[in-house]
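Please go over the structures that come below.
Same chain, two partners: subunit A is paired with subunit B first, then with subunit C.
Then we have the complex of A and B:
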């Protein structure tokens, strides 16, 4: 029993990472109808920003965390401005955006290696060491608790924003019909920009915390990005609750699989699930499918 | 109020609009009639900034809006009820109307205009909590027009309001257009020339991207060519 509770806890922590990153794929897909494979590089960027802030500039961690969220959000906007908007302005097909996003992610990854280092960095100790006991049922390292708390907070904040703020309603309208949204007076480019900002902030919160949980390296966004992409598709791309659901589902299955079957298969589980979903329910578990308009 | 001059629009290699000149005076209803694919919707979409022109100019109340983005054009007072209605089917009727007032900030004025739209289209009031996607075609058209009116426009662009509607509904929609014109100038695009020429003051006939005829509607109604081509003899 206790071992099961322990596995669930571990699964929730890693699921929080996938959920936070997956929702960014869904948000961007909603407004631009393409999978932004550069999304993972925002996560890597965030981990390095917070690492530098703490290590080099000796900024206290809470401030370093906050700063890297904002800077990564801006970095995400910059990617859209520099790489995608010029293509959009020329009416390029969405496939070109997707290929460009792969290019951007390679660029970011390699720029870090070339201009800095390919080494793996252990994050300086910013959280108390040891583990926290939860009602005697299980224990968790403080980072796992922080991860889950941050995820729950940001996901609730996003829910409120999307459903109850004017800017959030603009995102919904844009996701439904871009031209109609423009005719309502919604500033399309501005809405796309802050959608990227929000996606970037969500992913970078995960980036900083997995940097602490594991280590900081140029490939951080690669594996976590792709697995989160799987989570977004499993949950139903375009559905915000779906991306959370997909994230936690993959997180839990992965830890259960590693705990009860074999940890060798850990990384394969997300992709097996992805293939199964694409075969049997391509619109995802909570997705409604995209109706193509004539 | 609106002055379109020498407008040229291309879709890929297709010359969708060729040297189009259209003028709308304050208080008028002007209609543009023409067959399917003549470029009527393209003209409205270009005025709204959804499509870019290659040359020519569009002036609204003496301001050049040719290169302005859509949201600025809406802010200047041009609302567009697009072809195919394009309502937000996953949102409620009320939400759709609120989105129409996206750029407005005074809650009391928005509420007042919402009541006005409900008086114009009582059926929308009955269905205000319903998802817009579940409305009938006629109701969706009413919502589309009501949503455009929520922007409190000075000029309303109406694209094929009668499309796909039963004759009795077409008459109803046109009754409402007559009421709307009391406050708002209208540029109306229609395939249904019979209705359009009855409600409008002046008309233009668009054929494969060119204006081939223009004049007061009374005159166009009796023109043998118009009669033959657009009114079924």
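Then we have the complex of A and C:
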């Protein structure tokens, strides 16, 4: 029983990461209808920014965390402006956008390797060491608790933003019908920039925290990014609660699979689930089908 | 009917002629030139087959495939294991490798290609991770993380060149056939294609299966060339390599894929040799930068090509004798090269 509770805790912590990244895919997919493969590189970028701030500039961790959230959000906007907007402006096919986003993620990864280093960095100690006991049932390292708390906080903040602010409603309108939204006087480019900023902030919070949990390396965003996308599709792409649900589902299944079955196929679980979902319920567990319009 | 037969015989004649010319040329190169050059050209040939395969499903049919290297692994391992463990002859295991990769292509393609959208990209990427996990964990059969050593050497330059010629012939006929036109129709507008009665799922899956078979062929050529297989050879970056070749040559241009394969295989070699050359003068920092600078250059290629020349260096055209001749004629008469694709001709 105790072991089970422990596995659930671990699954919740890693599921928070997937959920935070997956919601970014869903938001961007909602407004632009394409998979932003460069989303994972925002996560890597954030981990390096916070590492630099703490190691080189000796900034206290909370400020470094905040700075990396803002900078990564801006980085995400910059990617959209420099790489995607010119393509959108001339109505390039979706395939070109996908290839560009792959190129951007490759560029970030390789630029870090060439201009900095390909080494794996252990994050300096910023949290108390040891583990925290939870009601005597299980123990968790402080980073897992922080991860879950940050995830819950950001998710509630996003809920408030999307439902109760003008810009949030604009994002929803854009996801619903871009042309109609433009005709209603919504500034399309500004709304898209906001969407990318929010997606970047959500992903970067996950990036900094997994940098602390594991280590910081140029490939950080790769596998986490891809699995989070799988999570977004499993939950139903385009649905914000769906991406949280998918993220936690994959996190839990992965830790359970590694704990009770075999850790050899841990990375494959998310994708097997993805294929099953596409076979039996392509719109995702909580998603509504996307209507292709002429 | 008669016209069809004449065309068919002429097509076979073209294949026979170009195959024998390629075979003779490749044998001559293999006999005369140093091993380094022969090896490099063999790699170019293998990469051409990979790029052609990727181009068919992504350039012509418009479905983004990110698991190409996974299908290469399937073909390469199948062919190698059949030869090593069951002592099957090379041509049979070569074909079996391709067939197995094609079968996996069906398994992966069917659930994801029924849907409209970019689901294929993420499923194939997942397939890549699954196949690497399987290869790493079936040690008795595939050698696991230690790799599979002792794969017989069968990929000579003539064999590889012949494969390229046959592939190119098959694909250039395919894309001009009814099926090929349907592929392009699906890429241009899936809903419109559906509304004129094209079974889009069927054609998408068909293109994907042919593409994975070609990847399987290339993978088995690669295995029989390197005489060693390891799961890490077929990682995500291997797929990206084929993508870069097609982008450079142009999405939807067959000869472009070969030009792209040539550039992407040879340019890093040039960079590497330049780095060694510079290091000879004691300029270690410059050498180091050249050695690693290729990677940034390579990544920039994707973004810059998509922004500036989305149809590739060749502008989506094929390299034909007529084209080369008229280009040369224009150069000679110095009237300005008008037929050269401008960046405005993109879609």
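Just so it is clear, the second predicted complex is superposed on the first by the 293 of 294 C-alpha atoms of A that agree within 3 Å, B and C clash if a C-alpha of one lies under 4 Å from a C-alpha of the other, contacts with A are read in each partner's own complex, and residues count from 1 in each chain.
Quick note on the criterion: a contact is a pair of C-beta atoms (placed from the backbone, for glycine too) under 8 Å apart; a residue touches a chain by one contact, two chains touch by 3 or more.
Keep in mind that what you see is a predicted model, and the values were worked out from it rather than measured.
Shared-chain residue A:173: touches subunit B; no touch with subunit C.
In the superposed model, A:267 makes contact with subunit C only, not with subunit B.
Contact with subunit C, but none with subunit B, is seen for A:102 once the two complexes are overlaid on the shared chain. By the document's definition of touching, of the two partners only subunit C reaches A:92; subunit B does not.
Of the two partner chains placed by superposition, A:124 touches none, neither subunit B nor subunit C. When subunit B and subunit C are set side by side, the one touching more residues of subunit A is C.
Contacts of A:60 after superposition on the shared chain: neither subunit B nor subunit C is touched.
Remark: subunit A residues 166, 169-170, 172-173, 176-177, 179-180, 182-189 touch subunit B in the complex. Contact residues on subunit A toward subunit C in their complex (touch as defined above): 34-35, 83, 86-87, 90, 92-96, 98-100, 102-104, 106-107, 109-111, 113-114, 222-223, 226, 229-230, 233, 264-265, 267-268, 270-272, 274-275, 278-279, 282, 290, 292, 294. Listed in rising order, the residues of subunit B touching subunit A in the complex are 45, 48-50, 69-71, 74-75, 79-80, 82, 86-91, 95, 98-100, 102-103, 147-148, 151. Only residues 58, 62, 64, 66, 108, 111-112, 114-119, 121-123, 125-127, 129-130, 133-134, 136-137, 187, 190-192, 236, 240, 243, 247, 251, 292-293, 295-296, 298-303, 306-307, 310, 346-347 of subunit C touch subunit A when the two sit together in their complex.
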